[in-house]
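Next come two complexes, and both contain chain A; in the first it sits with chain B, in the second with chain C.
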Partner chain A sequence: MADLVTFTIDGRQVQAAPRTLLITAAKQAGIEIPAFCYYDGFSLQAACRMCLVEIEKTPKLQVACTTPVTEGMVVRTDSPQVAAARKGMLELLLTNHPLDCPVCDKGGECELQDMVFRYGAGESRFVETKQHVDERQWSPVVFYDKPRCILCYRCVRVCDEGLGVGALGVGDRGSASEIIPNRGDHLECDECGACIDICPVGALTSGTYRYQTRPWEMDHVGTICTFCSNGCKTTLGVRNGEITRANNRDKSGVNGEFLCVKGRYGFDFNHHPERLTAPLVRVNGKLAPASWAQALATVGKKFAEVKQRGGKFGVIGSNHTTNEENYYLQNFARQALGTSNIDHRRTGDVATLIDALHGHAGALATTADLYTTPAALIIGSDLSQQHPFLAWQLRANFRHHQAKVFAITSGPIREDRYAAKTMRAAEGEELTAVESFREHLAQQKSLVILFGDSIKGDAVRKLVAFGDSLGIPVSYVPLVDYSNSRGASDMGVLPDLLPGYHGVREAGLEPGLAYDAILSATDLDALYVVQENPFAKTPLASTGAFVVVQDLFLTETAERADVVLPAASAYEKAGTVTNVCGEVQKLKAGAKTMGAKTDLEIMGLISKEMGVSIGIWKHDTVFAEVRKSVPGYNVALPVVETGGAAPTFPVNGRVPLEDRPDLISSDRNTLFLSGTLGRYSKMLTSVLEYPGKLYGQPVETELEMKEAQNT
Partner chain B sequence: MPPARSHGRFPGFVTLLRYTGRMAKLGEVLDSAVAIARGMTVTFKEMLNPPITEEYPDAPPIFEERFRGAHVLERDENGLEKCVACFLCAAACPVQCIYIEAAENTDQVRISGGERYAQVYNIDYNRCIFCGYCVEACPTDAITHGHGFELASADTSALVMRKEDMLRPLGAA
Partner chain C sequence: MTFSPALEERFAKLLTSYPAGRTRSAVVPMLLYAQDELGWVSRELIEEVARRTGVTAVQVDEVIGYYSMLRRHPIGKHLVQVCTNICCMVVGGQDLFEHASKTLGVGHKGTTTDGLFTLEEVECMGACSWAPAIQVGYDFHHQVTPERFDRLIEGLRNAEAETRKV
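Moving on to the complex of A and B:
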C-alpha cells in the first residue's frame, strides 16, 4: 500500500489510502455524506447527486461518491451551499414522488424520508400534478411502485453484480424512465428480494410484508436461517409473537447484504395452519390429541419397558435441530436408551474429510475465506442454486479481487459466466476431470475447494491428496444441505462416532445400525425420530415398532407414529448451529407457538419419565459441555453470544469411521425447495407454483443459449 | 311565652297583658311573612323563567368545541374510512393504548381511501389519558376527539373500544 493521502474535511486533517473515494474516506473520519445511489461494494453510479460536497479550487460542487481523495484536498460537507444543493436535489427527487408515507411500507425506515426530514425539503415549489402510475406486481414477492422510484439503480446493480441474475434494468427516458423486469411485465429470477431490501425508498416492496405493520411496531430478532446450510443471519420482524418479515437489516451476519428467497420469505412455515400444537397419541389405531403429561408418560413407559427387556431401539436425528439438541440426542440414545443405533440423513461426507485432513491445520475454509482466497474450485454443485450465499461470496471475490473461479459440474451453472475455466463432467468422474485443472490451480497463491455429495468416501481422500499435490495452501468446504447438517455430524449423531469424531469403541461401545439399516430392520422395537421425515422416501420395515416422532407438522413419518410430540421450530428457540463452513452461530427465539416444546426440553422430559438422568436440558448448560468435550468447539463465547460466527476446526487426528459413502446423498435443494420444511412455506411454494406467468413458459436463459452454441 | 298566671287583685290587667301579647305575636307573624315573601321574591320570579344550568342527565350536556372526549374514526366524503393504518397514532400514544392490525384494500373490498386500512383498531380506555397526541399525529385526520364522555364501567374489558364502536356512522357527517 502506498503512502496515505492527507486531506482536510470540515476543517479536520485526516488521512486515507490513495484512491479512496471521498464518501468512504469521510465515513472513516466519522463524517456522513448522504447518498442514495452509492452503495458500498457495488459499481459507482453517480445518479442521485445527494453526495455533493464543496472542494476548494473547484468551481462547482462535486459528487463525493466518485471523487477519489488527493493530497492536500480541502473538502467542506457542511457549508450552507452544500445544504442548499442537497435541499434542491431533494426537491427535484420529490417532484414526482408521492408523499404517501402513511401507507408506504418503507415509511419509518426510508432513506428519502430521513433526508427530507433532515434538510427540511418537504415543501415543493412545483405545482404540476404528479404523474400517477399504478403499482405493478412482478412476482409473488416483488411489487413495483413507479412514482416512488428515485432511479438510484441500486436494485439493478445488486441483481446484476451481487446475484449475477441481472433481472432488472432501466427503460425509457426522462421522466418516463423506470425499472423494468427481465420478462417485460414480470420477473424471472431468484426471487431473493435483495432489490427490495436495498431500495432506499418504497418503490420495491415485498409481497409478504406488504401493508402488514410498520418497522417500529416489530421486535427485531437476529437469528440464523433454518433452511440451507449456509448459515445466513436473518433478522425476524416479530409482532405479537408472529413473524411478519425477515431481512438482514443489521447486516451483522456472515452474509452481510445477502439473503436468498428462503431466508427472506421462507419463514411463513412457522405460522402454517397445520402446525402441531398438542401431542398426539395413537388410541385404537387413530392419532388423538392428548396432554403433554399423558404423551410423555406413554413414551417414557414404553421406552423404559423396551429398554428393560433389551429391545432394539433406533434413533434418527435431524439436520435442522441445534448443536445442543444433537449432542443431547446422542447422549439420550447412548445413555438413556442404551443404543448405538443412531444416525441422521447424511448430505455430505464431513467425517471422511475430517479424517483425510488430519495433520492439516486450518484446512477448512470459512465463509469469509471464500471472499478473500484468490482461487476457488467448485466440484459437483450448482452453487448459485444450492448454496446461494457461498456463490455470492465467490462472485464478490471475483468482482473485488479478480478471484479465479474454476468449476467442474455435470450441467451449466451460473458461475460459468465469470469462471476462469469450467468443465462438464458426469457425476463420479469429477476427479479425473480435475487433473486437467492442475496446471491452472498450481499457479494460484491459495485455493478453496467446494465439493458436493458426489465426492464421498475414497473420492474425498483422493481429492485431499490432489490438493496436497498442488503445493499451495488448499482449504475445503464439504457442501452439506441443511442448516445444521454439519453440526449433526460434529455432534456425533452417527452410529460409529461420538461427538468430535471420536470412535464409539473408545468409549467401549459397539457401532450401531446406520440410517438405512434402522429403517430396514424388521426386528426394531422402538424408533425415535427427531424433526426428520425418513418415511417420505423409505417406509419402516418393522411394522410392530413403537414410533415416537417430534416434529412441527404431521409429516409422512408422523402419520405412522404412535406418539407425535409438537416441536418448536428453529425460530422459536435458542441454541447454536454450525454452517457449511463450520462456523458456529447462535439462534435467538423470535416467535412462539403455543403447545410446542423445544426438542431439548422434550428429550429431557422423556428421560425424566424414564427415570434416567442425562443432565440438565438447558441450552447454555449443554453448550458448555459441548465446548468442553467436542474438539474445535471451544469457541470464543463472546463472539457467539453477541451474534458473531465462530469458526470451528474439529480436526483431531484420524477418525475411526466405518465408511458408508452409499448413505450420503444430498437433496440438491434449489432456491425454492427445502426438504419437508419447505413444503410448508406458502411463499416458497407459491413461487414454485405460480403457474404460466412466471415459470410456466420455458425461457431460454443466456446460459442455455451459450451452452447450445458450445455443443 | 310562659302560661299566664292569676295574681288575684289585678285580673283584668293580666288578661289585658295577655291580649296585648297575642297582638304582638300576630304582628311578628305578619312581619315574618313579609320578610319571607320579600326574601323569596327572586325565587318566585325565577320559578317562572327557564333554567340556566345544564340539565344533565335529564338533557344532553353542552360541550366546548375542543373538548377531548371519546375518539371518533372519521369517514371521507365517499363514506370510506379515512384511516389508512399508518400506526402513527399508536406511535404517538404515550400510554400505548392504541392497537392496530392493518390489511390491504382490494378492488372487491375497499374499506379506506388508501392502499391499506385498519382491520382492527382498538383503543383501551383503561389507559387513554385523552392527551390528543393521536389526533395531532394523524396524517389523514381520521381520528378525532368526539364529545363522548360517559365511559365509566364496572367492567374493565368493556373499556376496550373496537373500531366498530368508534367509527362515525355512515351518513352522519
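Moving on to the complex of A and C:
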C-alpha cells in the first residue's frame, strides 16, 4: 500500500490513503461533511455544493466530494464561512421547494429537512412565488413531485450505474430542470424503487407507501425477503401489524441498500384479501371453515390411521419455509409418518454440485465474493431478471474493480453491455460453448461460476471438471429460485438424502418417492403439502388420497385438499433461511395475520394430535438442533442473531444421491414473477412490465400456463 | 429510420471521428444534421440516434432539453431569428422584432399559417458589430431595418411562389 497522506482537518492531524476524497477521509476521521449529491459507490456529480469546505491557501471554498486529500492539506469544515455557505446553499435549494413537510412522505427522515434544521435556513429572503408543477405518476410504483426535487442526480445514477437500466434523466435546464422518465410520461424499467429510496427529499415517492403513515409511527423490522433466493435483507415498516413499506436504508444485510421490485413492493401479498384466516375442512365434498381444534384433530386422526394400517404417505415441502421448518418437516415425515416419500420442487442442482465438489475447500462463493472476485462466468441465467441482487453485485464489481464478466446464455442479457465476453448457446450446449472461453478464463486470478438449471446432473460434474482444468481457484453458485430453496435441499427435504446430504441408507432407510413419483403414484393414501402448489402444473394421480395443505392462499393445490390449514408467511415468523450462496440469515416477524399459524407450529400440533413426539416446535430449539446435527450449519450464532449472514460449508465428501436431473427445473421467474406467491401481490401484477421478459422473450405466467391447459 | 445518402455518409464519418468508445460524442452533431434534413427532432429520431450512438433514449432527451437549437416540434420553412440582446436593442432590435411580428402576423415562436416562417426572439448571435442582426436559417443579415426586413420576407415569399408554379 502506498504511503498514507497526512492532512489536518478541524485542527486534528489525520491520515488517509492517497487519492481519498476529502468527504470520505473526513468521514473516516469521524467528521461529517453534509452532501446531497455525493453518494458512496456512484460517480461524482458535484451538483449540490453542500459539502463546501475551507482549504488553506485556496482562495475559495472547495467541494469536498471531488477534492482528493493531499499531503499537508489544512481543511476546516466548521468555520463560520463554511456554515454560512451551507446555509446559503440551503436557501437556494429551498427557492422552489415547497414547505409541505407535514404531509410529505419523507418528513422525519428527509436529508434536506435535517440540514435545514442544522443550519437554520428555514427562513428565506426570496419573496417570489414558488414555481409549482403538479405531481406526476410514472408507474404504479413511482411518483414524481418536481418542486420538491433538488436535482442531486442520485436517482439518475443509481438507475444507470447501479441497476444498469438508465430509465431516468434530467430534462430541460435552469430552473425548469426536472427528472424525466424514459418513456416520455411514464417509466418502463425494473420498477425496483431504488430511485425513491435514494432520493434525499420527497421528490420521488412510492405507490404503496405514499400518504400511508409517518416514519416514526412504524416499527422497523429487518427480515429476509421471501421471494427469490438472493436473500436480501428487507426492513419492513410495520404499523398496527400491517406492513406499509419495505426498504433497506440502513444498508444492513448482504444486499446493502439493494432491493428489487419484489423485495420493496411484493410484500403486499401478506395482506391480500384472499389470505386464509381459518382452517378449511372438506364436508360433503365442500371445503368449509372449521376451528383449528377440529381441523387438527381431523388431520391427526387420519394420519395416525393411515400410518397404523401401513398406508402410503407423500410429503411435499416448500421452497419458502424456514430451515427449522424444513428440518422439522423431514423429521415429521420420516419419524411421525414413517415415510421417505418426501421431496420439494427442485429448482437447481445443489446436491450434485456438493457431491462434485468433494475434496474442494472454499469452492462455494458467497454474495460478498461476487463483489470482489476478479472474474465471473454466468451460465444459463438471465441474471438481472432472475437473480437481481447477484447481478447488482457483479455490476458493482465491474464498476469498482473492473471485474471481467463472461456469460453464456440462450438469449441477450443485460450483462452483455459490460461483459468482457458473451456468447449465445442453446440450453444444454453451454458446456461445449464454454470451451471457447477457456483461454480467457485461465488468465484470470480466480473465477466464480454461476449456473442455472440447464446445468444439472452430469453437466454439473463436467462443469466442475472444467473449472478444475483451468488451473485457477474456481468457486460456484448453483442458482436456485426461491428464498429457501437452498435450505430445503440442505435440510434433507429429499427422498434420498437426510439433512446435510447424508444418504438415507446411513440411517437404515430406503430412498422414497421423488416429487414426480409422489404426484403420479396412484396408490397414495395421504399427501401432506407444506406451502407448495404442485397441482398448478400436475394433477394428483391418486384421486382417493387424503390431502392436507398448509398455505397462505387457496391455491389450486389447496382447492383439491381435504383439510387446508392457514399458514403464516415468512414476514410473520422467526427462523432462518439459506440464500442461493448458502448464507444463513434470520427472519424476524413483522406482521400478523389473525388465524394463521407458522408451519412449524402446525407440524408440531399435528404430531401431537397423532400422539407422537418429534421435539419441541420452537424455532430456536430446532435451530440449535440443526446447528448441532447438520454438517456445515454450525454457524456462528452471534452473526446470525445480530442479523448477519453466516456462510455454510456443506459436507466435504461424496453425497450418495440418486441423480435425477429430470426433476430439476427453474420456474424462470422474471423480476415481476414469483411462482404462486407473486400472483397475490397487487403491486407486482399491476406494473406495466408484468410478467416481464427473460432473454428478451416474454414469459408465460403460471396462470397463463394453467389457462392454456384448461382450454 | 433511414436518411438521405448524404446524411448517412455524414453519420458514418461522425461515428469514426471520436476516440473508441466515445460514440456518444456524436449525439449533438447527429441531431443537428438530422434536424436540418427533417426540420425537427421526432421521437423516432431520438430513438434512432440513441441506437446509433449506443446511449439510452433518455440521455438523448437530456441533450435536447439542454440545447435550445434542437426542436421537438416542426416549424416553418424559414426560421427567422431576431436578436433583441443589448447591442441590437440599442440600435432598434426590439422595434425590429415588433415590426417582424407585425409583418409576419405571429409572435415569438409563432409560425405563419402558410407554414413558411417561424419567428423567434433570440439572445446574442455574435453579430454585435453589425447590429441589429437577424438570422434566417443559417444566413446572417446585418444592420437590418424594418424596410430591409420586409424586402427580405417578400423575396422569400416570391421565391416560394416561383417554386410552387414550377
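Following the convention adopted for this analysis, the second predicted complex is superposed on the first by the 687 of 711 C-alpha atoms of A that agree within 3 Å, B and C clash if a C-alpha of one lies under 4 Å from a C-alpha of the other, contacts with A are read in each partner's own complex, and residues count from 1 in each chain.
Operating definition for what follows: a contact is a pair of C-beta atoms (placed from the backbone, for glycine too) under 8 Å apart; a residue touches a chain by one contact, two chains touch by 3 or more.
These numbers were taken from a predicted model, which means no experiment stands behind them.
*Asks:* Taking the superposition as given, does A:Pro102 touch the first partner, chain B, the second, chain C, both, or neither?
*Replies:* It touches chain B, and chain C stays clear.
*Asks:* Classify the contacts of A:Glu641 with the two partner chains as first (chain B alone), second (chain C alone), both, or neither.
*Replies:* After superposition on chain A, A:Glu641 lies in contact with neither partner.
*Asks:* Touch test for A:Glu658: chain B only (first), chain C only (second), both, or neither?
*Replies:* It touches nothing on chain B or chain C.
*Asks:* Figure out whether A:Thr213 sits in contact with chain B (first) or chain C (second), or with both, or with neither.
*Replies:* first
*Asks:* Can you give me the overlap between the chain B contact set and the chain C contact set on chain A?
*Replies:* none
*Asks:* Quick check on the complex: what are the chain C residues that touch chain A?
*Replies:* Against chain A, chain C makes touches at 43, 56-59, 61-62, 65-66.
*Asks:* Taking the touch rule as given, give the residues of chain B at its contact with chain A in the complex, in rising order.
*Replies:* 84-88, 90-91, 102-104, 114-116, 139-140
*Asks:* Considering the complex alone, what residue numbers of chain A touch chain B?
*Replies:* So the residues of chain A touching chain B come out as 100-103, 107, 135, 210-214, 216-217.
*Asks:* If we count contacts the way the header does, which residues on chain A are in touch with chain C in the complex?
*Replies:* That would be residues 160, 166-173, 180-182, 184 of chain A.
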